[in-house]
Amino acid sequence: MKKISVSLLLNLLLPIQVFSADLTVSAAASLTNAFKEMAPIFEKQNPGTKVRLNFAASGPLLQQIIRGAPVDVFASADQETMTQAQQAGFVKADDQKIFASNTLVVIVPKDGKQNPTELSDLTKSQFQKIAIGLPAIVPVGRYTKSALEKQNLWTTLESKMIGTQSVRQALDYVARGEVDAGFVYSTDAAITPNEVKKAFIVPTEIPILYPIAPIKGSQNDVIASKFIAFVGSTQGSEILKSYGFGKP
Amino acid sequence: MANLWNIAVSKEYAGKNRTFNLDVKIQSSAERLVLFGVSGSGKTQLLRMLSGLVKPDQGSIEFEGKTLFNRNSAVNLSPQERSLGYVFQEYALFPHLTVIQNIAFSSNKGWFNKGQSFTDENVENWLEKFELKNLAYQYPHQLSGGQSQRVALARALVCQPKALLLDEPFSALDDGLRKALRMELYELQKQLSIPMILISHNLDDVRSFSDEVIQIREGRTI
Amino acid sequence: MDEAWIALRLTLKVAGVATVINMLLGVGIAYLFARKQFVGKNVGDAILTLPMVLPPTVLGYYLLVLLGKHGPIGYFLKKYFDINLIFTWQGAVIAASMVSFPLVFKAARAAFESLEPQYEQAARVLGVSDAAIFFRVTLPLAWRGILAGVLLSFARSAGEFGATLMVAGSIPGKTQTLSIAVYEAVQAGQDEMANFLVLLISVVCMTVLLVSGKLVPGRVASGVHDHG
């Protein structure tokens, strides 16, 4: 009797989980909904693991990592930011994996009367304010800039631009009707179908690809790799697809 | 014969532990009326009501036949409208203004205080009368008790009030000064023929100054 | 570093206008609260103090909803005056003014309430109108306490970030104040710019402190409580 109760007590006191960990994942703002859906599923499959999600524009996320934020996994909205992470020594080239793709679209408020069909339409006077992610820090802003520059429209439209801190902020401004149009990913446009409508797709010079990688020197590299594998798995891909992300 | 003062007021003051009831009736034609009583008996409150700074709950106040306050007919003249001078117990001289600016305060009704360099005959007279000329540019904190009292008096008299209310004007002074200033006030009253109501808890003031005394105890006239 | 000077000018403009608004409104309303009795005073005081206590982003969100195109005030302004405050420096002024209004209001109210009533009473008996008394007696005796609140309000307006970002966005030359510029420089990894901006902000704050030290020096004539 005594022996059993002692071992029962010990089992209650000692942590049962072997792989308990807090996994910190910094992901681009456009991945918010998809990753929020993935996290609890991953936690269930890996009992004892808590996934902590941190969403913002890829640029600021990188700055946090560079300044020592304890991030385990980084998923960015463009290769450029990931390359910067690599050059800064936080990510190994071999560890990077492309797991999704996206398209750039122009959206307008749902109840607005404007229906632009191409980029040059935005130069018209009914478009006074256009929301664009700040190219310095937001990948969607960079994609937009290169697309506009290709058609020599960047400088013309600059005076109308309202720079945003992330792609989701651009989405919000369009949803509120505070701007006349905005550049976001098609996956973002799908989030608020009642407030925004897609006007047209913007072809981009380089494809919009999302790389993910573990951060060098993190304490949770085993779990980090598992998470990345999950994102790339069939289950992860299905979730991403349901939000409108394309194949890598 | 109509009375100078026709007062019948009451007010309830709700305090922490007790309520204080002021219920006063005064009919007087005295030129120098003294309200006599210990501190806390309600004398200052009564004076405040006369000047319009405090509103009674019930009653009426008439001076020289004019109604200053009447609860029933909803008359309540503001202090500005009553033309009654008031000398506060602590003089209440404006600390940010010089003696001459203090005295001249009522001679200008505008939104700005007069600068240092204005002249006004009326003000000059009072400065001379109270021997304050050499103190004209001093600030209140630089004055002695007796000097402050004279400035307060001059300030109240500049606007030619119809009566003067004085709240313990001598209480902060030593005996000698008290006697001297009391005499001065007596002479002044006779000279100007302005009715005065003076609050005091000092019997000498009653004896030497008043031509009528009203005692107030615990809020009631005796 | 041109952007830095632009941001500095804009910050001073926004903070300056916001502070003037607060001074006029804050002193006026504080005087009412200090001198008049009316129903709902405590609730009113709490509401007026609320912007200081609310997280700036929460305040910014409220403003965005109220002043936005579909908001009650925003819709009205757009319809009758063709005014849109979102993404404008005027919107930034509103955000800055709201968060720092309580600083002037509370300081002014305290200054007025700590004034001994006998001075204003003496002035009333001397026949001067209540309005004139405010300018000739009340204000001159209370200005030190009020000024302390005004300076704090300026500093707070100059540093406003969360609410401003929501309502006015970050448009260089129009709404990108120093605080927002620092934020963006850091986000973009532009250390040099961030350092320079921080230096500018620090100089502004030091200047405010030094000026306040000069304007509110030591003792006042005895008989008046020191409200500094």
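In this document, chain identifiers A, B and C correspond to the written order of the chains, with residue numbering beginning at 1 in each.
Quick note on the criterion: contacts are C-beta pairs under 8 Å (C-beta built on N, C-alpha and C of every residue); 3 or more make two chains touch, one makes a residue touch a chain.
Values in this document were obtained by computation on a predicted structure and should not be read as measured data.
Novice: Taking each chain's centre as the mean of its CA atoms, which one is most distant from subunit B?
Specialist: Relative to subunit B, the chain whose C-alpha centre sits farthest away is A.
Novice: Grab the C-alpha centre of each chain and report whichever is closest to the global C-alpha centre.
Specialist: Taking the mean of C-alpha atoms per chain, the most central one is C.
Novice: Find the geometric centre of each of subunit B and subunit C from their Cα atoms only, then give the gap between the two centres in Å, rounded to an integer.
Specialist: Chain centres of subunit B and subunit C, defined by C-alpha means, are spaced 42 Å apart.
Novice: Could you grab the centroid distance between subunit A and subunit B? Build each centroid from C-alpha atoms only and quote it in angstrom.
Specialist: 79
Novice: For subunit A versus subunit C, what separation do you get between their C-alpha means, in angstrom?
Specialist: Centre-to-centre distance between subunit A and subunit C: 38 Å.
Novice: For subunit B, write out the residues touching at least two other chains, lowest number first.
Specialist: none
Novice: In the complex of these two chains, what residues of subunit A are touching subunit C?
Specialist: Touching subunit C: residues 57, 59-60, 62-63, 66, 129, 134, 136-137, 162-165, 176-178 of subunit A.
Novice: Sort out for me which residues of subunit C touch subunit A in the complex.
Specialist: Touching subunit A from subunit C are residues 64, 68-70, 86-87, 165, 169-171, 184, 186-190.
Novice: Can you list the residues on subunit C that touch subunit B in the complex?
Specialist: 116, 118-119, 121-132, 135-137, 140-141, 220-224
Novice: Under the touch definition given earlier, write down the residues of subunit B that touch subunit C in their complex.
Specialist: 51-53, 78-80, 82-86, 88, 90, 92-96, 105-106, 109-113, 139-141, 155-156, 159
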